[in-house]
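Listed next: structures, encoded as structure tokens.
Two complexes follow with chain A in common, the first pairing it with chain B and the second with chain C.
This part shows the complex of A and B:
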């Protein structure tokens, strides 16, 4: 193993990254663009769901009720209609996602403290908006009724709290606002920081396509020297991203960062080593850049999204998929990023994941070196 | 006679069902300038790649620079310089950076680096272009850069795969004067070429045909294998002239080169007047008829034709 050769390959690769515009853009800007794009696209922030109301009662009470339902940012009163036919037309045209129908005895039932029938119609083609509308209407209706009845209870000499026998006090730790973005962004960071693996796979295939690999194979350069030399620049590029991307998350998205930045940086280096190992495997087996790109998506990014627990909890996966998920460096790294960002724990908790990633890295690089032959054809 | 520096016995390489190199016996002595010729697809590139340790040997044995090609290909690599047919330098790197890169890969002693690169740049005529990116060099300069890079570690053996294909005639001439210089310094050179004038400049020429070594001899000897003597002429109607001359007694073979016909006859002195008579008789115009000595080109085509006929029998 010659340090001089590794350095020569790494330096040449740096020149390639800096001078080939496509590579430079891929390496420097893609992670930023991806984080911005995905963070906005994937944050399911339901607001202003359009709602139509068919009020058969037309009493001050029913008007006050509708006013309260649509008072917030979440539900917008799209129209007050006079017939079910109008509602249906609006639903079919997609102008509204939900409709509320108040029956003629609304005020009467409220006054008598009877059960009030309330019909909600939702558009099942968009279950998220529909479910959200039902939830909001239910919550608001309860508040409205509670307040309306509170005065009546007092006249009966009962405390207002009698209507709510259980006083549920929920406190969410680590992400107090239960902001979905706070959980999403550290997960995205773990996927995005794996991006240099694609570049390393492409650069090996690039050398094959351009005949420079043939030239290298005719030299005494060792397989390990070549692979390590190829890896080194992309680890450095990855570490640049490991500083820049969390800063972007913190400064742009106000994502909390409770752990140690140094620890995050060091564990990112371990992650890069193991994910680049997969990139090397792809580059060793694929002859063309197109094939390397396709396989990278299959082996690196597809599992990154669906199997590392960023979007779907690993606990809910079938046994065999869970085993596979554990063999992906991204799974461990996703836990690490979320932990360091949100819970702020240190190595005393995270060491098993770091060990797993390092172990996987050695296995991957070993496989790549084993199957990388200094032969053509 | 010194031991051969490249010695192959029944060297064979298959690609699936196809046998690209078939039981090749090559023996190349140190310092020899050896030319590999043969039609496209004959197995020239595969032979050179085998000798460079880039392909697994299917069968047979070989030693290159004293090492077993099958068992220790990595020991051979520091001792050879291999230049692929395709341009295989790094386009984003400058001329100088490419040279330095290969110097580091071959672990050229740092103390010698500056002197060697300066000498090679001068030698290859690239001294003015040290900072130009390799991708922006002309085809001929790219070939010279590739040659300079394969020379940085002063290899004993140079394996060059069609180094002048697609290069303009002036650059071709320059490239060959560099090769001649290296040959004079004692480097063993194996060069494949589609150009017969280049083959003529080699000490020994191996003709490869369908993966086999059909002939291996000095150019003069190959030229002498052309049957009989040669008459050259430029007829007005080539096809008619060919038809008439092919029927003449003593005519062995006719080859067409552009406008002119090269007629191989058993005896030029005896047959030339009769050929002229026959052409006049058939009222076929002609000019510049003369006896000429066969070149590698005629010899090569004649040999290929003979081998094709043997095959068909």
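This part shows the complex of A and C:
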């Protein structure tokens, strides 16, 4: 293995990339565009969820209750209706995401401190809004009843707080206020930085499709050298993004960054090595770029998006899927990214993930090199 | 003309046969991916690691832990020895939440004026899990609190004053997560399959230099376009049906509305997405470029479908943009027909929007590609 030969291949690859301006710009800035897009689109605060109310009681108490429920920005009173049929039609058309039905004895029950039946209907096709509406209604209803019953508790000689006697003290570490943007953005960074792997799969297939692989093999460059040389430019492109994308997150989105930037950079290099390894495998097995692309989507893009624990916790996945998730470099890298951004821990905690990524990388590159020979032979 | 178009379509198919990976991906790859991704993401959040530091060690404190475990959100709790242990486990990301039950908890529960304290630490580095953990803990605390109050007030638990909310989830009575994740994932996979396939048609010929040959043959540009489009549409349509079967059989998602209507609208939607792919295909000089453009446009569309975040909660500008994204209306239709059993009488706004957008996109694409070819 000679570094000079690897460099020669890398330089050739660089020429290919630089010659084609449009592709270069796309390769460099697709990650930026995607980060901006996803960070904005995925971290919206749930608010203005449309709600319809069917109030059979029409008493001052029930009106006050409805007012309290829709007082905030989160639930909007879309309509007061007179029949269940109207509610049904609105839910069907998707005009409302939730509905609240107050029964005729609302005020009476409230006064008598009996259980107050409260019917909530949500649109089960849109979990976010529906679940959110249920939660908000529950919380507001509790506040309302606490206030209404405070007087009654006092006559029993109990403090008003006795209705909710447990004093729950919640603290959120690393991300006070539990702002989803703060941990989603580091997660997105980890997804986006893996994209060069798709390009590397394409370039190998490109050589084969154009028949230039033969020429390359006729040079004294070895197989591993060729593969590493092919990887190198994309590792550099990835490292450019490993500096640029976190800066964008920190400066534009005010994402906290509590760890070491140098460590992040180094571990990003390890991640790029291992994810590009998958790209090489795809490139080695596929004969055309179209097929390489298709397989990259199956092996790199969609799993990287859905299965690395950024959107859905790995702990909750079925056993087999969890195994698959753990064999993706992105899973370990997502943990590293979030830890360095938010927890601020160093290598003393992160080394197992780094070792896993490096190990996977060697396995992937090894497989690629092994089959590269066979496929050419 | 027809024979020539068929000839062209056959030529495309022969290209595909040489490289069987591509058609395999186009036909069943999307479905396979849907199976894995759907399986991974269509479940409630469970099994989150939780650490408990029980400094009270009483029956009351054990009841809290059992109640938490019974929510199903958490894995069986790991008992911690001290605060340091919690801190370390948090730093290492081993746990999503920790519960500290301070000494004197059971006494506070027993005394008529006591305020029993429960301290919770959440790992904010994973906000999805932390939010789920918080919900479960709050719910548990609330019902325990209620039980305590009922006892203190000497009330009959049956008639306890408070709300008795009954929740009904329409269109998804069993509260299956798959109902909302899987149809959206189907929409995503389908869009990528069709757009990618279409985007590679001309860019591939151009990159390999065979576009020239195609152009000197005695075909009109319209014939070329139709010949290229037919295989994409057929494969896309087949792929859609495989995915639909998967959704129905593997994920038990009902098809409550009219299947015929769904198929018709799917065909229309595929035509729209294919047209977008064709435009990409004609502006890209290489397949690599085409791919990068597909990824950018596909992901943009996905963000606006309402899969991850509801469109009504987005800023106004983004809501306006969502209106011109065909995938947004398509998901509305797909969910409507599958889950709500809605017909044209209800879905017409989405169908009309999709039709208008489709007409604009298809016409533009046809003219654009024709001009580029001539």
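The definition used in the following text is that the second predicted complex is superposed on the first by the 349 of 377 C-alpha atoms of A that agree within 3 Å, B and C clash if a C-alpha of one lies under 4 Å from a C-alpha of the other, contacts with A are read in each partner's own complex, and residues count from 1 in each chain.
Quick note on the criterion: a contact is a pair of C-beta atoms (placed from the backbone, for glycine too) under 8 Å apart; a residue touches a chain by one contact, two chains touch by 3 or more.
In this text the structure is predicted, and so the values were computed from the model without any measurement.
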item: Chain C versus chain B on the shared chain A, clash or fit after superposition; value: fit
item: Partner chain in contact with A:5 - chain B first, chain C second, else both or neither; value: first
item: Which of chain B and chain C A:20 touches, first, second, both or neither; value: both
item: Which superposed partner A:325 touches (first chain B, second chain C, both, neither); value: second
item: Which superposed partner A:218 touches (first chain B, second chain C, both, neither); value: first
item: Which of chain B and chain C A:251 touches, first, second, both or neither; value: neither
item: Least C-alpha distance (whole Å) that remains between chain C and chain B when both complexes are overlaid; value: 11
item: Set intersection of chain A contacts, chain C complex versus chain B complex; value: 20, 210
item: Chain A residues touching chain C - in the complex, by the definition given at the top; value: 20, 22-23, 26-27, 30, 33-34, 37-38, 40-50, 91-94, 97, 113-130, 134-135, 137-138, 141-142, 145, 149, 152-153, 156, 158-159, 161-176, 178-180, 182-184, 195, 198-199, 202-203, 206, 209-210, 286-291, 293-295, 297-298, 301-303, 306-307, 309, 311-313, 315-318, 321, 324-325, 335, 338-339, 341-343, 345, 349
item: Chain A contact footprint on chain C (complex, rising order); value: 19, 21-22, 25-26, 29, 32-33, 36-37, 39-41, 43-49, 75, 90-93, 96, 109, 112-132, 134-135, 137-138, 141-142, 144-145, 148-149, 152-153, 158-173, 175, 177, 179-180, 185, 189, 192, 196, 200, 204, 207-208, 285-289, 291-293, 295-296, 299-300, 303-304, 306, 308-310, 312-315, 318, 332, 335-336, 339-340, 342, 346
item: Chain A residues within the chain B interface of the complex; value: 2, 4-5, 7-9, 11-12, 15-16, 19-20, 210-212, 214-221, 374-377
item: In the complex with chain A, residue positions of chain B that touch it; value: 15, 49, 52-56, 73-74, 77-78, 80, 82, 84, 86-93, 97, 100-102, 104-107, 133
